[in-house]
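Before anything else, here is the set of structures, which you'll find just below.
There are two complexes below, and they share subunit A, which is joined by subunit B in the first and by subunit C in the second.
Then we have the complex of A and B:
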């Protein structure tokens, strides 16, 4: 067998191994996306539903109407802040878990994963019980005399921020932990032997080398946040909307599928652009590492 | 005065004593090779000197100052790792500059010192490359340049050549030794390769099970091993009897027992031609096997032939019984 044949053969078996997952992606991801795009160009006639013909009105509406722009801005802002919070809270935790030699390590990791083992709705109702106007937190603060009237923690940005950060923190911690565990310790020792204290070593060596992990953890949390539906629906209530709840409403309550498709397509597009951008960043950081 | 002195240095891991009251001294500008089988505690010693491991007992004294409690980044030492441990996200220049920058060197002085360090390891012109764009040997040179750039009081080398192929390893042996002598820098070299230790070091310390077995010049350790462990770890030793050892190159293989030398009858098991010598594997009457490296100019014996091994009395070393010390 010559080299060309063996390359072709290994390429063929590579595709063979990939085909189940490729097929799945094609059916559950690309096909709906391909169906959604033509839908978004159809007119919507109130009372009748989807008309025939071609229109850009949904995209124009989504990109110019203040109402939609505000929700889009809010969603991206939420994604950005939740990601940052998960990073700030998650990095020290992941660092500790990756480096500790404590016998409790596996229990601590279990504790990090624990929120994921709870039902999403149960977990969210837990937050409602805590954050509501007559909830545990406000009651406690009033009893202690720290505040006179309840602080609004629910059905607004704060509520979503708290709920989403809590849910997606484990993802960030797990990704960062894996990245930090694989950092070569010799390199840090080398930095210290050259006169770098703990802080300088961290800033100049550990942090830059864990950048690929930071980027992939951030992409994951960002995408999960902007596409989260149940938590924003429950913690945001019916009036405080984000993109996913807006799309949900267009599809299932207003039956305006064309506008829903346009919004969904735009959200997907923004996510893909952000993922592609940060992957390129991660590749550069990874290539440097 | 820039020598390094270890005083009763001890490290325990639970029940196991990794380093047991090790006392040794490296004179200023000398290279001491710390050799021993894997797990003998040699790397632990180096890491304690570096400050990366805290000793359970004993002191480390560098250039007259007790540095036992000094944190790593305040000890002025150059560390070279087996894994190179270069900063992968920095260019070669930035790698070498790292330690200098920590010492406040900036601007043109920094550039000059980085270039000088790279020139010393013959890597001029590669400063803008990333470590991954260099070969293993070049990476190890960068690591060396990075370590010497800060003019450390002592250079610590932890198996620096183990990841290199055989040819490169010999080249780097000479390179490290040249650099160390040019800079007159005190150096501690940890290796499991006794040949490396013999060719490079001013003095050799043989470590076994965390204890110092012998310390001396390469010739001392090779010619006058203190015990059976040292004799068989550093070079190859033939035990003619339980306690009498002769090096393979000091044995000759002859047809008849000579009058003027010690000898024993043997049977030839293997005769292998190795270029500069013939390597014989021989069996004594009691079944003990010997190795003899003989110049290929005399008579060549075939496997199965009977012969005699002979050696000069002064080449044989009488050693304390090998049962006296552990493993």
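Then we have the complex of A and C:
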């Protein structure tokens, strides 16, 4: 240990090699983010643009106005339901992929990875074709005689829920799969040999042991869902809005950058707090194990 | 059938259903691309390749594709270069506060893409870089370095530093020792990191859409805008081409380095 440390101390400093990446981070990431904050305090005058001075009105608006609160509530609700759906749908698949001894295993995992690598716009486009009034799902339901007129699946909560669950399911499955793979199998075997049935073993042993994976997968999917732009914009259209599409509209269409900056700041706050909280949680779980 | 056997069959059936759900939009797009009608319909009515011909003859789409490929290529090479330098420093050199440094370098992954996009929109507008290739490439680079960094660190941690030291003792220059000894050993990490960087850049919308200019547009942003105006089978044809390219990419990467182990 001492010898290792002394060789390490005699090593050359690594900051020279780190300087290109740190410089990039400073100039193209940290500085732009830092400059966004003052923008969110500037007044915005309709018809004239961004004024000078200091105001809290954008934050007050975003946190008290019913219109913005409804969109924020909808975004968080979508995050919660999409996360739960991904967890419930994804767990059995992750369990199967972690445990199967099938020769097809790596190809089945590739089937989960494939949608992740496929362009997000393309995947979302597929859901437009499926969910539209004359899309595959409505056509099938009408042909089967289950409904008489098309049900509305686009530009509303249902459409976003289906699309976002599909987009983020692979993330959940891959995180859970890694967690289940690393479970100590002998604990399960011990429970079984002590007379516990498979359901009890799963409920009392497997599931609690995979909790770190469940937590990190859920945080990941929640953060990705509340900050998703492409899928909500294409499936929700310009009218059915969430936080990120609202920010998109403020910046590119209404040109109210101060309000957009305030909303972006609040969205960042939610994500960063959740991610920091989850890594603190993971450290504590790691320390307890 | 035993209870355990029945459970296995039930799980197998469930897994098949979920995998079908995951593949459903892909299948739908591929089917819709061959329809002879001027609107999207599934199953396709008639069979034609005219939408593929139309897309491939469209100068705007081809220009957007070339622009995206150029951007992804420049970004990937740069991300590999500075990511490898940083990884080498973090694994092999003395870096006080290494945990903070690596946390900082990975931070772009923790931020919502749209926030990075709007922050850079304001920043580039201030310094007059909005719509420039350089601005877009630097933005993509910030998003891609975490992937190359992580992959190279993973590979480099498994390589014994004494191999490189031995080469130096035998008279090799440090750079030569790195290039001839360490570099071949971290090749899988470089390939995996490079593939991630390429895909991250090539697929990006939430950052690109705020930074592209009026003339030069990336392919995903172009498709995004086209869908907002209205969908037709030519978008399905273009998407089918991207699906085929992604599938080939994935199979080749899997055969080459066992891609699924790097996810």
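Definition applied: the second predicted complex is superposed on the first by the 249 of 289 C-alpha atoms of A that agree within 3 Å, B and C clash if a C-alpha of one lies under 4 Å from a C-alpha of the other, contacts with A are read in each partner's own complex, and residues count from 1 in each chain.
One rule holds in what follows: contacts are C-beta pairs under 8 Å (C-beta built on N, C-alpha and C of every residue); 3 or more make two chains touch, one makes a residue touch a chain.
This one's a predicted model, so the numbers in the text were calculated from it and none came from an experiment.
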Message: Quick check on the superposition: with subunit A as the shared anchor, is it clash or fit for subunit B versus subunit C?
response: fit
Message: Per the contact definition in the header, classify A:70: touching subunit B only (first), subunit C only (second), both, or neither.
response: neither
- prompt: Between subunit B (first) and subunit C (second), which, if any, makes contact with A:24: first, second, both or neither?
  reply: second
Query: Between subunit B (first) and subunit C (second), which, if any, makes contact with A:195: first, second, both or neither?
result: first
- request: Using the superposition on chain A described above, determine whether A:187 touches subunit B (first), subunit C (second), both, or neither.
  value: first
Query: Now for A:57: first (subunit B), second (subunit C), both, or neither, which partner does it touch?
result: neither
- request: Quick one: the Cα-centre angle at subunit A between subunit B and subunit C, nearest 10 degrees, please.
  value: 90
Superposed model, subunit A: greater residue contact from subunit B or subunit C: C
Nearest Cα pair across subunit B and subunit C, whole Å: 11
- line: Footprint intersection on subunit A (subunit B / subunit C) at none
Query: So in the complex, which bits of subunit A are touching subunit B?
result: 184, 186-187, 189-197, 200-201, 204-205, 208-209, 285, 288-289
- line: Note: in the complex, subunit B contacts subunit A through residues 50-52, 71-79, 81, 83, 85-89, 98-99, 102-103, 130, 143, 146, 150
- line: Residue positions on subunit C within touch of subunit A in the complex are 4, 7, 11-12, 14-15, 18-19, 21-26, 28-29, 32, 40-42, 81-83, 85-86, 88-90, 92-96, 98, 101, 104-105, 107-108, 110-116, 118-123, 126, 138-139, 141-142, 145, 149, 199, 202-203, 205-206, 209-210, 220, 223-224, 227-228, 231, 235-236, 239, 242-243, 246-247, 249-251, 254, 258-260, 263
Field: subunit C contact footprint on subunit A (complex, rising order)
entry: 8-9, 11-18, 20-22, 24-25, 28-29, 31-33, 35-36, 39, 89-90, 92-93, 95-97, 106, 108-115, 117-130, 132, 134-136, 139, 166, 169-170, 174, 198, 223, 226-227, 229-230, 233-234, 244, 247-248, 251-252, 257, 260-261, 264, 267-268, 271-272, 275
